[in-house]
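Should a chain be cited, it is by its letter among A, B, C and D, assigned in written order, with residues numbered from 1 in that chain.
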Amino acid sequence: MKRNHLYSKEEKLFQDKNKIYSAQSVKQIVYSTDARDFGQVATSIPCQEACPAKTNIPGYIRCIHEKRYGRAYELNRSANILPGVLGRICSRPCEFVCRHGEPDNGLSVAICHLKRTCADLKPVSHRIIEGLYAPTGKKVAVIGAGPAGLAAAHDLAVLGYRVVIFESMENPGGMLMYGIPEFRLPRDLILLEINNILRMGIQLETNTAVGSDISLDQLGKEYDAVVVATGCVSPRKLDIPGQELENVHHGLEFMKAVNEGLTPFVGDKVVVIGAGFTAVDCARSAVRLGAADVSINIRKTGEYMRIDDSEKHEAQFEGIKTYSLIQPSKIIGKNNKVTGIEFKRTGMEKIDTPPYRISVPIENSEFIVPTDSVIAALGQTPDVKKVSTRFSGLDKKGHQTGIPGIFAAGDFVTGSSDVISAIAGGRKCARVIDAYLIGEKRKQTVVRLENHVTTDRPRSHDFIDRVGMNTIDMKERLFKSTNEVETGYTDDQAHEESKRCYLCNLKYEIDPLACIYCSACIDVAPKDCIKMIADVPVNPDGTYGEYRETDDWNAVVSIAIDHANCIRCGQCLSVCPMDCISVTKTELIEIDT
Amino acid sequence: MKDIDIVIEICGSAGEGTISAGEILSRFMSGQGFEIMSFDSYPAEIRGFGKCVAHTRISSNPIYSPGKLADVLISLNDNHAISQLPTLKESGILIYDSQPARPHEEDKSVAGRTKPGMISYGIPLNMLAHKAAGNARGMNMVALGALSALFHVDKDRFTDSIKARYGKKKQVVIDANVNSFLEGYDWAKENIKKSDPYSFEGVNLPEQKEKLIVNGNQLVAQAALDANLMFYAGYPITPATKIMEILSKELPKHGGTLLQTEDEIAAIGAVIGAGFGGKRAMTATSGPGFALMTEFTGLSVMAEVPAVIIDSQRAGPSTGMPTKTEQSDFNSAVMGGTGDCPRIVLAPADTKSCYEATVLALYFAEKYQTLVVVLLDFFLSNSIKNIDVPKKPAKKYRIANIAPKKEDLKDYKRYKITKSGISPRAVPGTPGGIFFSTGLEHNEYGRPDYSQAGHLKMTQKRYDKFNAVLVEAPAPEISAMGRGKVDIGVISWGSSAGAAREAVMAAQKEGIKAASFSSMMVSPFPEKALIKFADNCRKILIPELNFSGQFADFATCILKRPVEKLNFITGRPMASEDILQKMREM
Amino acid sequence: MMSFNDHYVIIGNGPAGNHAAKTLRKKDKGARITIISDEMIPYYYKPKLTGFIADEIAQKDLLVTSLESYKEKDIRVRLGQAVEQIDPDSKSLVLKHMETIKYSKLIIATGSRERLLPFMSGYADHLKFITSYTDVMDYKEKIQNAKEFFIFGGDLVGFKFLKMLNSMGKKVTILIYPNAFWPYNLTEDMLDQIFTSLSQFDVSIIIKDDISTIDKKDNGSYRIKTLKGVEKTVDMVFSFNGLVPDIDFVKGSGIDTDYGILVNEYLKTNIDGIYACGSCAQIYNPDMKSYSASIGWPNAVVQGEVAAYNLLGDHKVIESVGRKYFDLEGVKIKTTWWGDINDASQE
Amino acid sequence: MEEIRSAYLDETLDTVRAADFLQYRSKDLPTWCPGCGYFGIVDALYRACRELDLKQENIVTVSGIGCSGRTPIFINTYGFHTLHGRSIPVATGLKLAREDLTVFAVAGDGDALGIGGGHLPHVARKNINITFLLFDNSIYGLTKGQSSSTTPHEMKTSSHPAGNPDTPLNPIRLALAYGASFVARGYAGDPQGLKDIIKNGILYQGFSFIQILTPCVTFDKENRTWKNLKENVVDLTPRMEEKNMETAMRLAQNEPHGVGIFFWDKKRPHYQEILRNLNKGN
């Protein structure tokens, strides 16, 4: 219209200052701490929400799409300091919730593969960016150079502390280095990304076990703060007769040996016990050590295994069998060598506390399976005693150990979990320590809102099939057991896969104050994503509940976009006659307070 | 080598391309050499919730009716398709959208409602359409693609005909449609396991003749042009509007004029004006419009000014059901209006005779200087049939005005009493032919005359025209009777005749001795022929698409004997199955 | 017992499902009963399918019951409709065409589908299976027109199929794959027995070898290479490596599954009101203290009835019409042969 | 930094509820094509009714045939869906019989200026106290895109594929010429502005003629589209201060897309008053 109308957004703005601003009118960037914005981000960007480290996934996938691999790497690194590593072995909580993986939307975006891609393809000219704070003159000791320890050390160094890491093993990396087989995680990569951390003047003392070589108390005196991040190292025992026999390996030790290049005896027939990643790693390693008949044996049923389908498939592909609903009761041996293992059958039962479904042994259901070796991969527990005997009650949230100035992070606090959680824990711990030493918070998380106008992607991208990961074939796998099985995406593959991301960080909103309810948007919606609603409940925590829909014309208060179903196709945008639909880019960012 | 006779129904919401999908399908099939007959039904709403059904019968043999039940139902919209399911055969095939934008509640999905024995193929129509063109508009094409894949229709030929259909449109439109079609085709080939017997492969077809794919409206327009129409006035009304739209394009090329008036009253007025000027003129309308014109129809008869009204009947009374077919204007067309008002009424029985009827109408109107009504109905107007190209009317039919001779002009009586009832008619501009016309009763000169004798004489004169008309009227269609009496004689008119004919053929196959009679000439009616036919039948059955049996009553008066009525007002065309069923019961 | 507002839903239209439905109707005149099946024809004899391909059996002779008999029993059959999801909390099913159905009690009797071993994944696209009427309708014409066949694996159904092809005068090659054989894993001597028994037919047999690649050629035929370098070009490749329970749609619903759907001796799953029977179920056996699956028509029939009784509050324990137990990757399978149609033909 | 907040749905919903016009909607969702301008018109109508606090049961909406004919279905008032072009006479009869009612007569351009055009002059010169809303999308929607009385000259339509030979009517000039004493034009894309106009129309005791520019999203892709309207519609209110016939006529002539109240003769009595005055004498 030739003149700005009484209903034009700008005018609304001027008309009434204390009125609500429509997102469309937000020209400058907005930082919000409103619970509704945090809630919106949480429901809108499921991948980021699922990630313990809150990685800005749509953000870095967009960068990959723009072939800015360096920037993509930085976005990752700002949330987790080992992108290349996580890009290979992350447990991928994000992909389970990816909107693209919902029924009828196809398969989830290969978020993890893409993460790996930024590490693989970042240009030689790539530089790492660290927003360094002025030195504080204070010193912090970190015990354990595993994911949690490294993460804490890094952030503390950035915050201006002098950091020393004490590591009992010969190499840093902890589980990464000794728990995960090389065919899944190349060693040079681990070292490279660890060195990127150490470069910030962090001092690394290897072969130094706190507790035996140097005492925690001493550290407590010498340093302003101490982080205990020794992880979970003491193996959970089988606790059945015969476990002391030769050729009964514990998963972690077994992997350690394999990773140190040794060849522990496995024989022809191998029985692996356990349902996690380690169990599968052990089994696959056993295959590579020449075992002919390898089986993974689990107490519950297959669906309770804590591994993702690709792992399952690779294992099956390598000929590994899975036997379920059995638990070992006795290991049988002849002159101290394993000859077989006795199992009890189990059945599933319900309990009222997590994990809700458990397996219980069935009496007199024993049966015997002959085998040459047994690998018990039952996970590990933190060895608190080993570090110090004075710990009194861990405060998991606050990372407090009970001893002033001594903090804890990672598996040591949470018990055996996954790498990304450990990293998230380490970083959080660093923040706690900073607040403790400085006396106030120096950083805060806010929602960054920016007007965006376009959808950034054509509808056709929604129909691209997930790009599979390239792998080497069986011969090569057995030829050299350390050959990395997955070989990564090519530049083109990465670009193709990056197109698939819906960019859920873009928020679409209808302004009911300008809407005439003509339902043009609903008409073109590809999903049940735009709704005629009567109300939207606000939860006690300040976030929104589910829209209350209605078909009664006289009850329709607004036509609203359901962020949880919206696949960001932008059809609505193109048809709205009143231009009352806005796109806003939402990001979780850290700003200095 | 085998035969095929299959009825395919596409059902969706108005605006989902349901109708155009049907059109594309039938055009393509006709091009392949099949006999096709298709019929759409759609609501008054343009978009929103109106139900549309494109019904197409495809056969390798001649067909006379659209067929009642469908072999295949393509659902573009579950709500509507559910209500369409009853017309799907027990063993019919359903093609539905397996991945709609929104989930269904229990029993709200057509797939869920299929009866056992039916075969249903789920195709993600919506998703594939989006995939092909970024929006749902291509669902209809996706469905056609899937259909082609399932019934072994030649992919490339079909895409060609789609391109042809959208030839004039922008390239993006063509691509969108073609891509949607291919998405559907490939997906079905890839994912559907065929478990039905239908296939268009290796069907034997009659030798190819040049065919015209038309509906009644198009043929009426074509005929009018061929029969020298010079003026058309009209007002949009379903289902006659199309006639005006075509003429508006074509008439000027023939030196004629088209006028879209503000209403039917003005339309018929303008037509009569043009007729008075000596030009062939007509208008087309439907029941409600015809009712508005009634007063003018009287003037046309009274003042003996040629006028042709095409009345495409729809379900009534009043606004009724604008998009449903019915034969319920018989009475108002034959008898409506004020006074003793003889008018000529023609009712074509099928698409191709719409042409003949229109030519005759303009010819009769001019020659007999009176009103001629052609009774089409929604079905004839809109159902598409592929027919042999009709041959152009002879000169006799194109120029028929009986102009006054020299001696007539000496003392020119515009309304001169003659044996045939036709008075030589001078058109304005004829020297010495000046006369006065009026709606008042008048004498031979046209002057008002209220005398008893005068009114009787003139009324008689107007009725006398009938005898002459009957002489050159088209003969009724009567099926071969064989020797001796038949048990059932089926007498029908208008669009019901095709179904009647098929029913009788089927009955004969079943061993029922039956014969059929139908006449395009409705007023005046060929009574002698009718009586002769009836005398040869033990029982008479008269099927028609109205509630009261308007024509049956009319025929009973002629036959003076009871007849069986068979009436439907379902809004759907007459079905041979129903007639046959009735015959079995008789 | 009358319960007009109950809705018993049975997923699967085989012997188990139908006998369950029949029993339910016998005991409960009032309830709504619905059978859902992803196949398009009513209850039929799967074992007769091979005969149907060879046109020895007409379509109508495949059928066990007529549609009328469903009507008489007032059982609603939803054919050609697959279940995609079960939500025990809201007691509802989501069908593949995105319709939601509420149930008050549920019986799962979906039977089995082809068994695809992971190492086949490389060439799975090229393998054809004969596990349902729909498959057969899809391949029938192709099979009748094709000349050369390759059968991979070979199990009981496989041999039936092979004999049928042979009687149709087709050229057949079979690669007997011992570990993939089913229901038994073959021992050396059994392999030889089969070898001899097969050699009475005009078929070429490959044993102690494995497929390395299968490629589809432009003309639609397939080229097969084995590890030992045997090369074959054929029109169709079939895989007969046994069957596995068809229960993917159950995963994640909270119903315990392992090899099959885990049920107790009363055929009840871990969730009240949901039962499973037939070859999709893995049944706990108190004597053996372990779970065992079952195959075979008579087993299915018995289990169907028992499941129905128990669903209505009974506590029947099933005695399967078992002949043999054998072990398949750690799962005990109890079987009566497919041949035993006659047990069921008093339908 | 200045605290700027993004729109929060719950708060905007409250704002909408506060406007409290939903009570004037019926229960049935409109069946107009998605994107139709008529949604904007009824939106304005609801809000006008609300702001004047009219009682639903005291309102009657009378319509003819056409897309606009469906309007009464979607408004929570007494509604009468009459014959093509005949909404005005029905409304007239109704109003004369029941002066206490508020009567809306709605019609499309085809309805009011085509078949029903004959009624317009008379209702105007009689000054019957009804509010007449002309849904002007310049095309026949229901019969699928034929030329209407306001279709621009030479525009291609399904009835005039070669271009419309007729010159379009100018409803405002027409109404002024017919002697209507409240003549205004609104725009469906401006519910706020339109609402104010309709309010005045209802308040005025006499025949109020309100032409509403609205697109037919289905059959008019070139002329009166949302895009074109957005670009061209201008608010003339500032130039319409003194309501005299000359300015009105000039603006009507020169501003085909100008919205606002062109002419308003507040002093002129409506039909019933005239009758009463006439009858006073004797």
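Keep this in mind: contacts are C-beta pairs under 8 Å (C-beta built on N, C-alpha and C of every residue); 3 or more make two chains touch, one makes a residue touch a chain.
As the structure is a prediction and not an experimental result, all values here were calculated from the model.
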item: Taking each chain's C-alpha mean as its centre, the one farthest from chain D; value: C
item: Between the pairs B-C and A-D, the one where more C-beta pairs touch; value: A-D
item: Inter-chain centre distance, chain C versus chain D - centres from mean C-alpha coordinates, in Å; value: 68
item: Whole-Å separation of chain centres (CA-atom averages), chain B against chain C; value: 54
item: Separation of mean Cα positions, chain D and chain A [Å, integer]; value: 60
item: Geometric centre distance via CA averages, chain C-chain A, whole Å; value: 40
item: Set of chain C residues in contact with two or more other chains; value: none
item: Chain B: positions in contact with at least two other chains; value: 99, 102-103
item: In chain D, residues with contacts to at least two other chains; value: 30, 32, 34
item: Chain-chain contacts as defined at top; value: A-B, A-C, A-D, B-C, B-D
item: Contacting residues of chain C [partner chain A, same complex]; value: 84-85, 118-119, 121, 251-252, 256-259, 262, 270, 284, 288-291, 329-330
item: Chain A residues within the chain C interface of the complex; value: 103, 301-303, 313, 316-317, 319, 321, 323-326, 345, 347-348, 350, 357, 362-365
item: Chain B partner contacts - residues on chain A that touch it in the complex; value: 104, 458-460, 462-463, 524-528, 571
item: Contact footprint of chain C on chain B as seen in their complex; value: 96-100, 102-109, 111-112, 114, 116-120, 122, 193-195
item: For the chain A and chain D complex, residues of the former touching the latter; value: 1-3, 5-7, 20-23, 26, 28, 30-32, 34, 36-37, 449, 509, 511-513, 516-524, 532, 535-536, 538, 544, 551-558, 560, 575, 577-578, 584
